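As written, the chain order gives the labels A, B, C, D, E and F, with residue 1 at the start of each chain.
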Amino acid sequence: MSERFERGSARMAELDPALQPLVEQGMAGVSPDFARMVVEFGYGDVYTRPGLELQQRQLIAVTALTTLGHSPRQLRGHIGAALNVGLTPQQIVETIIQAALYAGFPAAMNALTLAREVFAERGVSPLPSSGDR
Amino acid sequence: MSERFERGSARMAELDPALQPLVEQGMAGVSPDFARMVVEFGYGDVYTRPGLELQQRQLIAVTALTTLGHSPRQLRGHIGAALNVGLTPQQIVETIIQAALYAGFPAAMNALTLAREVFAERGVSPLPSSGDR
Amino acid sequence: MSERFERGSARMAELDPALQPLVEQGMAGVSPDFARMVVEFGYGDVYTRPGLELQQRQLIAVTALTTLGHSPRQLRGHIGAALNVGLTPQQIVETIIQAALYAGFPAAMNALTLAREVFAERGVSPLPSSGDR
Amino acid sequence: MSERFERGSARMAELDPALQPLVEQGMAGVSPDFARMVVEFGYGDVYTRPGLELQQRQLIAVTALTTLGHSPRQLRGHIGAALNVGLTPQQIVETIIQAALYAGFPAAMNALTLAREVFAERGVSPLPSSGDR
Amino acid sequence: MSERFERGSARMAELDPALQPLVEQGMAGVSPDFARMVVEFGYGDVYTRPGLELQQRQLIAVTALTTLGHSPRQLRGHIGAALNVGLTPQQIVETIIQAALYAGFPAAMNALTLAREVFAERGVSPLPSSGDR
Amino acid sequence: MSERFERGSARMAELDPALQPLVEQGMAGVSPDFARMVVEFGYGDVYTRPGLELQQRQLIAVTALTTLGHSPRQLRGHIGAALNVGLTPQQIVETIIQAALYAGFPAAMNALTLAREVFAERGVSPLPSSGDR
């Protein structure tokens, strides 16, 4: 196991212990190599670079996936990871609302619908802080 | 309730009485503020501007959502609203067919598949007029 | 020359006499076949179908190209054609503003910037009608 | 039945005997004309042009649909057709992995997930050849 | 001048004093209303919401515009604003590198090329901190 | 210099001797790390995988970049590389024409316009073979 793989694997575990098994099981039988690239390059090379906090990296992941609009499974996963690294539900909601300016309202509404599902599973809510406005 | 909200709410009701409850229930628990923005800005500020008829606005909504390709739920809703404001099933089909030129055949075929579902629910058909060609 | 080609060629001339020469010169030396497909299929098969007025078709073209965001040359051309078939500058502006809801503000602002250039070349303005709001 | 239609129909049958019925049934009741355009233009005009082998055309279809990210049904169909014209599961996997460079990892991972499903239905696997790396 | 406009105007000035004049001059003659919407809704309603710091909002803007890929002018502007609110050149570069995972390498490389131009104009560099890796 | 870097560097040279210097100069002063990632991961890890010929890989690159529509510089580069690895101008044109089915006509026409420029610089032409149809 390469040093890049170990570094990526550790970073994935920080984000969500379920993340690496999910990627590896998803790619089993079709491309274990791609799963390895995700670990080594995506998390080992990129996600461990200095200069950004993990909370910032999760803002970036949620924004990019909201903007793309075509990957609900990954967006769900990164919303969950955003909670795990300490972003509040409110911050996640605000991120998606701002993304609406660039990516349009439908992309944002779909992302908020996914966020609602993740928040419900976790038993958390963004509302006390955003509702008082 | 702001004047912008009331204006948006009235416009949404013209398009489809189910529209505002759907948006508000969808955002309940995650971002009632975003639902309010949709009503106030999307429908109160933009959809009530002078210069375009509602039928023209629904051509625009159907075209943009066909082109984006990632929001089937919203496209379904706007196809239904297009019928409500008097566009014929044939006009909706022709709009999607033209969008194929810009957005590609897969995006158009997916949009036509959604249109078929909406038409079936409504008991309407685009075929008598387009089939004679 | 096929009947589809003649029909497409006539439709292109209605939209803008410069359109077909532009497409053909652009594809000369690389793919005259593709220019022919644009004339035969795009304009001969699709743009001449019954059910939509040319003004409606230009709303669709402007909306789809605003949403895609990556084809300023074609968007400029279709804004010009929209004026030629009788859409007012105001209607074109309103179309792009509504597209902002689905495609985001940057795509709409870029489209409005192109519209401003086309309007200036034509010596027309959307402002008397939209400015009084 | 036009010569273009017959040519397209024959080409579709080479790719997958289920393809044309699927398109026609999907468009029945909403736009048989669009199904005909897909056969005549998509397959009769474009897919039968000289200069590329069918295996190359399926690389192109799989790449474009992976990049778009919004049409899983069509991507599944073209992965199946890619197998039918003799591309190996490994070549399909490698195509999608390369597309990740341009379209991002989420689009590629979704495409590989669809490929896994198609390969399982066919009882084929990309792994003996790609796993030894 | 509405309270929403004043709030948006103040927020734009915090990001970059050149921003509001740029938007207003760009929309002069075509849609002053759209410029007003950008100020009132984009900056007055969205950008002033509680829950995120301005540095976080600029991470979001840079990520979304990198992912869209079609709006270099706006991306340049938001990279400049990111510097103005205290993000370091290195943090901006790291944001774009992470966006490559979701949006692909070409979108990221184009964004980094724009960042280089903005950094050169400002006489700043991301390299002392990122180069030591 | 890592083995991955050397492998990527060699692969880039096979595609086009100007490619690596172009990437490195483009990223100089902003992110030499990203240039290294492009060499190591893009070309060293992905482009050197077994299972596809370089001609196939260039079909994939041209298709993906045509579909994205937002990266003309990279598309130009990969059209040039496609010629370098032995794809004919006709094959490149046919690839782009097929991509029109998925990505729409404007994206394809823009790609053909770039191809025309590259062909002119190289003194090659796709026309003898495709024009006889």
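Just so we're on the same page, a residue touches a chain if its C-beta (ideal position, glycine included) is under 8 Å from a C-beta of that chain, and two chains touch if they have at least 3 such contacts.
Since the structure is predicted, the reported quantities are computational estimates derived from the model, not experimental observations.
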> What chains touch chain A and also chain E?
Replying inline: B, C, D, F
> When A-D is set beside C-D, which has more C-beta pairs in contact?
Replying inline: A-D
> Is the contact between copies chain B and chain D built from the same residues on both sides or from different ones, judged by whether over half of the numbers are shared?
Replying inline: different
>> Can you compute the centre-to-centre distance for chain E and chain F, using the mean CA position of each chain? Integer Å is fine.
In response: 30
> Distance from the CA centroid of chain A to that of chain C, rounded to the nearest Å?
Replying inline: 39
> Got the chain E residues that touch at least 2 other chains?
Replying inline: 33, 37, 42, 46, 49, 65, 68-70, 93, 97, 100-106, 130, 133
> Which of the residues in chain E end up touching chain B in this complex?
Replying inline: 33, 37, 41, 45-46, 49
>> Show me the residue ranges of chain E that touch chain F in the complex, using the header's touch definition.
In response: 68-70, 93, 96-97, 100, 104-110, 112-113, 115-116, 119-120, 125-127, 130-131, 133
>> Can you tell me which positions in chain D touch chain B when the two form their complex?
In response: 23, 26-27, 29-34, 37-38, 42, 65, 68-71, 73-74
> If you look only at chain A, which of its residues touch chain C in the complex?
Replying inline: 100-106
> Considering the complex alone, what residue numbers of chain A touch chain E?
Replying inline: 42, 46-47, 49-52, 56-57, 59-61, 63-68, 88, 90-91, 93-95, 97-103, 129-130, 133
